[in-house]
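Two complexes come next, and they have one chain in common, subunit A, joined by subunit B in the first and subunit C in the second.
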Partner chain A sequence: MTVLQEGRRQLSEGKRAERRLGWLLCAPAAVVMVAVTGWPIIYSVWLSLQRYDLRFPAEREFIGLSNYAAVLSNGFWWNAFGVTMLITVVSVAVEFVLGFALALVMHRTLVGRGLVRTSALIPYGIVTVVAAFSWRYAWTPGTGYLANLVTPDGAPLTERASALGIIIVAEIWKTTPFMALLLMAGLALVPEDLLKAAAVDGAGAWQRFRSVMLPVMKPAILVALLFRTLDAFRIFDNIFVLTAGANETSSVSMLTYNNLIKGLNLGIGSTLSVLIFIAVAIIAFIFVRLFGTAAPGSAEEGRR
Partner chain B sequence: MGAGFGEATPARRWRWGLLDLAVIAFALIPVLWIASLSFKTTATLTDGRLIPAEWTLENYQSIFDTSQFTRALVNSIGIALISTAIAVVLGMLAAYAVARLDFPGKRALIGVSLLIAMFPQVSLVSPLFDIERRLGLFDTWPGLILPYITFALPLAIYTQSAFFRQIPWDLEKAAKMDGATQAQAFRRVIAPLAAPGVVTTAILVFIFAWNDFLFAVTLTSTERSRTAPVALSFFTGDSQFEDPTGSISAAAVVITIPIIIFVLLFQRRIVSGLTSGAVKG
Partner chain C sequence: MADIVLDKVSKKFPDGTIAASDVDLEVGDGEFVILVGPSGCGKSTTLNMIAGLEDISSGDLYIGGERMNDKAPKDRDIAMVFQSYALYPNMTVRENMSFPLRLAKLDKATVAQKVDEAARVLELEQLLDRKPANLSGGQRQRVAMGRAIVRSPKAYLMDEPLSNLDAKLRVQMRTQVSRLQKQLGTTTVYVTHDQTEAMTLGDRVVVMRQGRVQQVGPPQELYDSPANLFVAGFIGSPAMNFVHARLTDGQLSSVLGDVSLSGSLRRALAASDAPADLILGIRPEHFEDAGLVDEAHLGTGARFEGQADVVESMGSDKYVYLPLAAERASTAELDELAADAGATDLPASGAQLVTRLSAESPATEGAQVRVWFNPEKIHLFDPETGRNLTLAR
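Entry: the complex of A and B
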């Protein structure tokens, strides 16, 4: 009896110690993450309600929602928003198809698997600015093989439609391997026996893909699409190098940068910050709603 | 797909070989192109050939002549290394707790890191600019290291906790039975076993910090803390008649070298790190 009570008290003490250690170990990471993102985003809500131009600091005052009215009634914002959405939707859609193909090659190839995987990691790892310069020179008349090949007498980076196309190509090239790796993680979960059984039962490649692979891979696909969509929405480096936002090719990130560095207008800049934050939150929400609750992290609890 | 479960007939090998070749060409041509530009002389820069007609190292000499690029390179290396070290250590502590311990608030931590992974970084640019200006962090190393740690932490926590779950924890119990505390068991028994996961995480975090452009271009203003990607994007020719294409290409190749080395040495680790974090996160 006394031994049992003793044991129980030790258990609960152990439990409490475990708790304390858990909090202690997580605290530094949690504090840094919240301090560097939570505080500035709250601060930017506060700034967005003010007239605050660093060139005229004396005129700083509280103006309510006027900044939001100014941004939302401005053509630049809607143009940048449209450009960002276009780039996001097109590049993620193409990447999904290419990434799936690449994942299949990396997963199933009979020869040179290591070589293929190593090469595919190069676009993932390379500095985006470097890749963007390669594409810029490729499409600049004179220095570029692609410009000389495809449009011998045009300057594709100086026209809106072709410039947007090139930005999308650069984005797809850089991030398809990442998409492919996330999808490959899902592919590895597809039981080989099931595929074989389906093949024996006479299911064609498309049917095997639709009824065997897709259901198993759904969580991996959701993660890949969600992460890439939100990542594509913040596109900046490629546009900065390829067009610098000329000819109405600015994304919302590019617009924010120009406003901050060239305009030094913190009130408007913070308004843009808050609007982008809301847009991203809405996209993430729609994703989780559309694809069910299989959001990353939701399975975390059951696993332990 | 159809070739998935047949045996490796020569025809199948050829088909896969061709597909492999397509992937390799797709991945490498843009890289080879900028490398080729970096070795071309000013006169042959516009000849459109993939293999330079005249080879030169002039472009490399010119970027290492001034402090503009060398200083940026030092900044890049220092900032990326420090960010990696701190993010990996903080992430390791949290990942151990997530993988091993039971405590209230665990879900919240996972939720927060997930939110940060999806956070639009550009939303921080304007407020951080103002906050760092006030705190004196603007245009300093810590001013960049802080956001890098923050955005690397979700990756560091997910990847490491995925690796930690695969460790045979009975060893830890055995160590504790031998009288070690939980902290000692972690340090002496588990940490060596966890090393591969930690190395993988470090590589991924380093690549992220090395790659960043958005924070680097908005939170710096001088050579003091400007990183290499930003410096090279601001290159201009020595005179207004000179085109910076050659120097930019050379600088681009230089900052690609560490990435190539990582990829060549650690291909397996990078692949397993990215895929484990994705499925288990």
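Entry: the complex of A and C
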């Protein structure tokens, strides 16, 4: 009995030493990472607690959470937040459906596979700003081909609803290939035998998709949706080029830019950045919760 | 339950590969038929065409008398078991087994009853709420079988269902599969690589090569009278010995010595107008230590002497390997068989005679061994066509 306990203690002793060595070995990398990512976050939180407008540097003082109160009770923030959410939800939903269809096509095509994949990825390869400009010119009244074709006597980019629609379309056009690429990686995870088994078990195409393909692809879907949602939530360049935030089409990032860089208000700007950071964290948390054990790095995944 | 008929069924893939050509096969109602052949000979493709997982390029497929060429897999009412088991990882054992029943829209009580029944037969009751990831290989295999039998389909198609199990478990499952099939009496087509499975499980065995059916028959018939060189070399383990031989006036000369052929063999050869150069095939088990054969028989047979390379004592009998002063017999069929057995990877060491002698044989490694064989047991093949010329004996 005592011998046994002795042995166990020795074992845990050795384990502990090993763990300590592990910590020591990762410490340098961890420290650098914390310094690089942690410091700006802490600094912006610090800034957000101050009144700090570069136009009036003399008035700098610590004011606690007043900036947050000011922002959260302001219509601009909530409007921008609403716009951002709308763009995020609609574009990610449409991208998911289109991306999945594209992924299936790319996965199944036997002839000209390389050509199909390359051409599908072209939109993603174009710099967003360049793409955004081409959308803007296309919708410019008088000269743009889309404007002439669809709205010969209007200026769609100057009206809120149509401008938002155009922003969303530009966003979808641009990032659907990325979604498709991530989902295609997931499709490759579905064993061919599984689909064959489902087919002989009596499942039609839709049932195979729903009962076999989707569950197996869950981790890949989670990654794709998470990436795209977080990306879409921080949308900036498309809006900057297409409307510059006019007619209440600002996203939260656009609003932050206007306050921080254009308005030179470091206090309010930092507050907005911190709020975006919190929103992004909440979105990530919800996703991981929603998908439960399928999330990468969760217990069940780790065991395999 | 139903019979399965393949009438000149062929499969040509878009890239031009012909995986099956003019496959004719009739599987009777309740029959257990085994498909064997070397890797890539089209076994899985044939099975997939029966299941409807691959389109049939030409020919007709009938299940239960009904033409099935254009029916979707789900409308064919067949169940399939895969080498990889293909269990749905997100579903529990119970959900896996009930999946086909739920798709068939059976009511809950019937589904539960059928699943419980199948689980009882396969001893899976304790595992019904586990996920496949938490099962052993043998348990997964049983779940895969369970998913097939719950439905009472017209036929079972099994593609190397036991290949991923370790040797001992494979033997256990083999008897279980055999028992299950007899119990249920359902038509079964079973693909395997394994000699023992092929010989023991099926009512009939189909040997395939390069997409073509070589011979169909009961295992013993394939073993006793192989239609050609390929079947002769494929069926039986260790494989039949092949050497080049020359026929002159009823005398057959080869590295095994000169043998005078019996009347029936001569007549068979004459009837099939055999060429002078032949390939002689003889199975290891048709040899015996010359010292153990009584005088009366010794005279009727042929003898061969050599220095034993390797002696493997199996307890019940002894495998003795003797070097032959000749190249390994080579034809297209034999080369393909050698490649399938991995023999081409070995350093070229000339031909070897594999003999299976009684355990009482005193043969030891390095010693001279005299073996005896009965010329009545030999097979002679046409090296050009591979045809067995001694079938008519």
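Note that in this section the second predicted complex is superposed on the first by the 258 of 304 C-alpha atoms of A that agree within 3 Å, B and C clash if a C-alpha of one lies under 4 Å from a C-alpha of the other, contacts with A are read in each partner's own complex, and residues count from 1 in each chain.
Criterion: a contact is a pair of C-beta atoms (placed from the backbone, for glycine too) under 8 Å apart; a residue touches a chain by one contact, two chains touch by 3 or more.
Fair warning: this is a prediction, and the values are worked out from it, not measured in the lab.
Engineer: Clash or fit: how do subunit B and subunit C relate after the overlay on subunit A?
Structural biologist: fit
Engineer: Determine, under the contact definition given at the top, whether A:197 touches first (subunit B), second (subunit C), both, or neither.
Structural biologist: Once the two structures are laid over each other on A, A:197 reaches subunit C alone.
Engineer: Just subunit B (first), just subunit C (second), both, or neither: which does A:105 touch?
Structural biologist: A:105 sits against subunit B, while subunit C stays out of touch.
Engineer: In the overlay, answer first, second, both or neither for which of subunit B and subunit C A:211 touches.
Structural biologist: In the superposed model, A:211 contacts subunit C only, not subunit B.
Engineer: Identify which of subunit B and subunit C touches the larger number of residues of subunit A.
Structural biologist: Larger number of subunit A residues touched: B.
Engineer: Check the superposed model and tell me the shortest C-alpha distance between subunit B and subunit C, rounded to whole Å.
Structural biologist: 5
Engineer: Taking the contacts subunit A makes with subunit B in one complex and with subunit C in the other, which residues are shared?
Structural biologist: On subunit A, the residues that contact subunit B in one structure and subunit C in the other are 110, 196, 199, 303-304.
Engineer: Spell out the residues on subunit B that touch subunit A in their complex, using ranges where they run on.
Structural biologist: 1-5, 8, 12-13, 16-17, 19-20, 23-24, 26-28, 30-31, 33-34, 37, 45-46, 48, 50, 90-91, 93-94, 96-99, 101-107, 109-114, 116-131, 146-147, 149-150, 153-154, 157, 165, 182-183, 207, 210-211, 213-214, 217-218, 229-230, 232-233, 245, 248-249, 252, 255-256, 259-260, 262-264, 267, 270-271, 274-276, 278-281
Engineer: Would you pull the subunit A residues touching subunit C in the complex into a rising list?
Structural biologist: 110, 191, 193-194, 196-204, 207, 211-212, 215-216, 218, 303-304
Engineer: Quick check: in the complex, which residue numbers of subunit A touch subunit B?
Structural biologist: Residues 15, 17-19, 21-23, 25-26, 28-30, 32-34, 36-37, 39-41, 43-44, 47, 102, 104-106, 108-112, 114-123, 125-131, 133-135, 137-138, 142-145, 148, 173, 177-178, 181-182, 184-186, 188-189, 192, 195-196, 199, 205, 208-209, 219-220, 223-224, 226-227, 230, 233-234, 236-237, 240-241, 252-253, 256-257, 259-261, 266, 269-270, 272-274, 276-277, 279-280, 284, 295-297, 300-301, 303-304.
Engineer: Which residues of subunit C touch subunit A in their complex?
Structural biologist: Residue positions touching the partner: 14, 48, 51-53, 72-74, 76, 78-80, 82-84, 86, 88-90, 99-100, 103-104, 133, 147, 157.
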